[in-house]
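The same chain A turns up in both complexes below, where it pairs with chain B and then with chain C.
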Partner chain A sequence: MSAYVVRRVISMILLLLLLTFVVFVLFSLLPTDPARLTCGKSCTPEIIEANRHRLGLDLPVIQQYWEYLKGIFVGRTFAKDSPDPVVCSAPCLGYSFKRGEEVFVLIKEGFPATFWLALGAFVLWLAAGISVGVYAALRRGKWQDKTVMGISLAGYSLPSFFLGLMAIFFIVIRLQLLPYPSYVSPFENPTQFLQTMILPWIVLAILYAAFYMRLTRNQMLEVLGEDYIRTARAKGLPERIVIRKHALRAGLTPIVTAAGLDLAGLLGGAIITESIFSLPGIGSLAVNSVNDADLPLIVGITLVTATFIIVANLIVDLLYAVIDPRVRLT
Partner chain B sequence: MTDLTPTPRRAYIEVEDLSVQFPTEDGVVRAVDGVTFAIDKGQTIAIVGESGSGKSVTAQAIMGLVNARTADVTGHVWIDGQDVVGMTDDELRKMRGSTMAMIFQDPMSSLHPFYRIGAQLTEAVNVHNKVSKKEARDRAIEMLHKVGIPSPEKRIEDYPHQFSGGMRQRVMIAMALINSPSLLIADEPTTALDVTVQAQIMELILELQQEYNTAVVLITHDLGIVADAADQVAVMYGARVVESGVIDDIFYAPEMPYTLGLLASVPRLNQVRAERLDPIPGNPPSPIRLPSGCVFNPRCVYTDRVEGDLCATERPALLPTSPGHMVRCHMSKEERGVVATIALRGLGREET
Partner chain C sequence: MGMANKGLRLAAVGAVTALALAACGGGSSSSSDSSASGSAGSGEPTKGGTIYYLTNAEQFDQIDPQRIYTGEDLAFFNGTIYRTLTAYKFSQDAAEGTSLVPDLATDTGTVADGGKTWSFTLVDGATFQDGAAITCADVAYGVSRTFATDVITGGPTYAISMLDIPTAEDGSSAYKGPYTGEGQDLFDKAVTCSADGKTVTFHLNKPVPDFNYTTTLLAFSPVPKASDTGEKYGDAPVASGPYLIESNKNGKGGKMVLARNPKWDAASDTYRGAFPDNWEVDYGIDPKVIDQRTMTSSGNDETAINLGVEPEQLAVVFKSPTEANPEYAGRAISTLDPYVRYFAINTQKVPNLKIRQAIAVALDREALRKNAGGDFSGDYADGVIKPNMGQDYAPTGMWDTLLGQKIPDTGDPEYAKKLIAESGEAAPTITFDYPQSPTADKAAAIVVDSLGKAGITAKPNPIEPGQYYGVVFDPEKAHELINAGWGPDWPNASTIIPELFTPTGGFNLSQYDNPEYNTAVDAAKVELDRAKQAKMWQDLNTQAMKDVVVVPTRFGREQRMTGTKIGPVYLWPAYGSWPYGQMYAGQ
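Showing the complex of A and B:
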């Protein structure tokens, strides 16, 4: 088990290295000239070239990559030989000259909003998706099942920008049930936090819950036909225990996989939902960085998002062994 | 003439005119049609028949495991004077695992793969008894010991995948008997096991039956097991019992053509090698479109011994031919005797 974890962590680190390299090379191949973006309209070619040298952009890509990698661990200083050097402390994921801030700091600032959005939606969609999925499976073929599945298909097909805009238009503007969303930390002002988050949570959860309903329903239908469920009934267990303890537990594995990866993906920013509800999260940051062609920031966000997913993959695989004793982690 | 109908004495378990029907889009599936038998505590009845003859559904109907939403169950299953058919879900649930228990065909898939053996056994104790954790655990260990699992106090911590097929079936037996039920239904308990293990498992079931004085309904298509284990036999074909009686009636004085065919299709050690097995021609009937007359009519080779086309038009009744021996056939008793002699000659049994 521990040998397995060590091996997985090592391969994870290798994968991350490969990932940083690919992302770095990809973005360095873009036609956009990062040096040109360092100063405004009045830039002269001389200043651009000077900046290019100061930022190390005149070095070969491989060397730039090495500097970047080093920066993650020990930090780095841009424009060392100029009168005002820019210090980017470790872990340095680059420096956004557009925003005059370290990329890592920008992402860190955006993380809480993204984290709370993802977590709240995650809890909502799992609770709704699994319970409704089980309900539908137990009434398979009946009108309840068909209704629920129809609604879930609709929920799955509705784009979140449509749902989000409708929610804001009707609930916030027309009916004025909620104040206009304005993000604040839950520790600072819990009421305003909840008022802001409730709509984005629901909008995001509807999209995912639809998928989890179907997944749970199909899993339950499969498991309920298993021999050990018949054994559980033959023991005289009450049906609710047969369902919860025996059937649901057995059908959980793919749900856990999907949930882990979905949560990790959302921690990298829910771009549309964050933009609609103007939440200052990583998703909004990503949109703005693309609009501004802020290359260091784009690279940084891409790396962080990918890291979340790779780590989530490992956690999900470890959870398998916890759920299913037959899984040997070797 | 003596009265051949069974005495009205109530046996411990009486199945009376039990029918199970599944309405489907293609028509009504008659899985079980008017099955009747009775056994006492400590006795074993074997229900024999080929796949699809309704054996397993009969067992599940007795256990109340047939889903009332998808099937119609009619008739009676009297257990100690209580009718199981028509009980509420909760009444049934309370009887399952305590008064009546069941073991299944495939021990590899009958235990929950995610829970320890101990947890699955104590769960069966706890659902019917208010006992402490330790008592339940002790009982589980004791039962595992009884079914012949070595060092049960250690194995109780293991998961099902750490047991072999035979050992898992032992665990299933331990689980079924842990609350000392008075009725044990064994649905092909040895079919999925190695031949050497089969004998051990049957021996174990019979041994524990003696100890607990349990009535056993043994569902099987293995006539060898029936000969060793059963007191009574009910032969099922096309959802109906076609012949029933004590074991000697069925093995030494069978009268129904299907039973004769079944006995003739079993390989025998004293058989000359060149002789081929004697299968019953044709296939069992579809449970949706059962033949209108005798269910065995399309495959029966003796229909010319019955006047007219009675076999094709009229359903024969299950009638006594001697005390306790019931046969469902249109042939006269004399004809049945002649036919049996012809059929059994091949089995080298006429001298017994």
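Showing the complex of A and C:
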């Protein structure tokens, strides 16, 4: 088991290195000139060249990449030879001259909103999705099953911008049941936090729950048909135990996979939901960085998001062994 | 200011391209054009309350006065926290709303030496937010910051080009700004203070009859030297106007709150109304949610303002491109913005006038406008000066007489073929440069199609928007037909005609160099009689259209609205913005 973990971690690091390299090279091949973007309408070629040098963009790509990589571990200083150098402390994921801030700091600032949004929605959709999915599976073909699956289909088909706008319009603007969303940390003002997050949680959860209901139902139906379930029942185990300990546990594996990856993906930002509910998360940051052609920020976000997914993958694989006794990690 | 693509506020505020940065200047609505505007709220200005400024932007591009260069931001900060020597009158009338009034100065400036020396005497009682009196030294210091081009980026650089300071060998100013101090003595000779510190005098390198318009820019507003933190000054700027920044948190869900500046002396400032107790800029709100909130106008949103209406709501809010539906009358406006969209024709590559005429004649301008959003997106243009420029505008007759006969909006391929036959050349093959976007791709298809009907082969050349102006300003890389847009920096065509049509201009995409024309432009630039100057700009505009240096396609139009209790509601011609300094929250 521990050898497996070590192996996986090493390959994960290699994968991340490869990823940083590909992302970095890809972006340096873009026709956008980051030096040009650093100054305004009255820009002269001299200023552009000076800024290019300040940013270290006059170095060969490979050397730029090396500087970047080094910056992640030991930090780096831009414009070393100017009277006004810019220090980017480790872990330095680059410096956004567009925003005058370290990329790592920007991502760190965006992370809490995205994290809480993802976590809250995740809990809601798993709870709703799995319980309703199991319920539907146990009443397979009956009217309860059909109703639940019909509703889930509808929920699955609703685009989040539509659902989000409707929620804001009726609940906030028309009925004024909740104040306008304005994100604060839950530790600072829990009430305002909940008031801001409740709608985006529900909106996001509805979309995902629909999928998990169907997934859970199908998994359960498949597992319930297995021989060992028949054996368990034949042994005289109470149906409650058969469902919980034998059927659900085995059926969970693909659900865990999907959930882990969905959660990791959401940690990279839920773009539409964040936009509609004015949440200062990574999704909004990503959109803005693309609109502004803020290359260091785009690269930074891409890396962080990819890291979440790679790490989630590892965790999911490890969880398999815990959930399903048939899986052995070697 | 140039612009890369069609989205106005997007191009001007959001966008990327530094070149498309500046949106300052002189749009306006003539009274005939503003039937959709009027005063909502309680009619009479009321003190107190809060005005909520709802925006999708997550921060202001710049808060540092010397770096602000977008029209809306100039108007907002000038109306609230920064005073300038001169300012534009609050009025929705095109002429009046672009006329000058004194602000920090006692009058609109004293000119001497044939336009080369300008003096402004400061009013008594004007102070910064710490109570310190504003002196000539503070004004001079503010201006000097412009010269630190490596620190104070993004703002207008008129001070550099106009002040009488020698240039270094590389063409840059010999004065490098207050931070290095290199060449400080040169600056101190160009901007001088009277012994009592009350009068500031600018010595210019050539006559600038409209220099007092330049001084409306926040780049000419005072900055106390002791509080200057260079690049970071915008984080904690010192207010001179009726409000100060109480708090500012950028990003979605963030806001900027302006509170009253207790040291501001109303007696020293007859320019601003300073009606609401607070301003709250709510950042990062989804545009669709902004529409929902302003249209519904409940609770705080009764005193909310926005900067644009999403396309899908236009038909709900407006009856026509000039008139709001009854439900929104008095609080929704649709008026001309500051921009003119046009295609520049590279006169070096298309030297034959008949061919240029054929291109103009063949273009289907109706299809182009429809593609841009139809009549809500703007009116057909007949030149590069818009009707909302006040006295500088006169119809050029571009589509009625200038091209030899009346040209329909859909183009006239048959007549274009005739012009090509007369040119003595074969039907040309040209390339159309444009900044790529889905809308622009469709526009390019229209260009190719409509020119093709006249036998002109056009090849679309989409360019990545961030690179666009870098490419088309390079004479080696620019092709025959170049997509462009321009808005003036202040309401004088001196910020349009010389920029667009002379070799020394900053935006001469047509590479037009006509000695006779250049001489006429130089004469107009230094003409001190404003009415005479206006006539000269009108003629030069017509002349350029006659010579088909550009094909004007659209006078841009924009829509915006407020809640039910805001007044006055009109687009201020000076900046094509809300008249912030005069707005109030009705009770």
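Please note the rule applied: the second predicted complex is superposed on the first by the 330 of 330 C-alpha atoms of A that agree within 3 Å, B and C clash if a C-alpha of one lies under 4 Å from a C-alpha of the other, contacts with A are read in each partner's own complex, and residues count from 1 in each chain.
Everything that follows uses one rule, which is that a residue touches a chain if its C-beta (ideal position, glycine included) is under 8 Å from a C-beta of that chain, and two chains touch if they have at least 3 such contacts.
All values derive from a computational prediction rather than experimental measurement.
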item	value
Clash or fit, chain B versus chain C on superposed chain A	fit
Partner chain in contact with A:323 - chain B first, chain C second, else both or neither	first
First (chain B), second (chain C), both or neither touched by A:50	second
First (chain B), second (chain C), both or neither touched by A:238	first
Chain B versus chain C as contact partner of A:249, first or second or both or neither	first
Partner chain in contact with A:176 - chain B first, chain C second, else both or neither	second
Chain B versus chain C as contact partner of A:60, first or second or both or neither	neither
Chain A: partner with more touched residues, chain B or chain C	C
Chain B, chain C and vertex chain A (Cα centres) - angle in steps of 10°	150
Smallest distance from any CA atom of chain C to any CA atom of chain B, in Å, after fitting	47
Interface residues of chain A shared between complexes with chain B and chain C	none
Chain C residues touching chain A - in the complex, by the definition given at the top	1-2, 14-19, 21-22, 58, 69, 149-151, 153-157, 170-172, 179-180, 230-231, 251-255, 282, 284-286, 288-289, 292-293, 296, 298-299, 301, 464, 466-467, 470, 506
Touching residues on chain B, where the partner in the complex is chain A	63, 65, 89, 93-98, 101-102, 104, 106, 109-114, 123-124, 127-128, 159, 161, 172, 175-176
Complex contact set, residues of chain A against chain C	30-33, 36-44, 46-47, 50, 82-84, 100, 109, 113, 161, 165, 168-169, 173-174, 176, 180-184, 196, 274-276, 278-281, 284, 288, 291-293
For the chain A and chain B complex, residues of the former touching the latter	226-228, 230-239, 241, 246, 249-250, 323-326
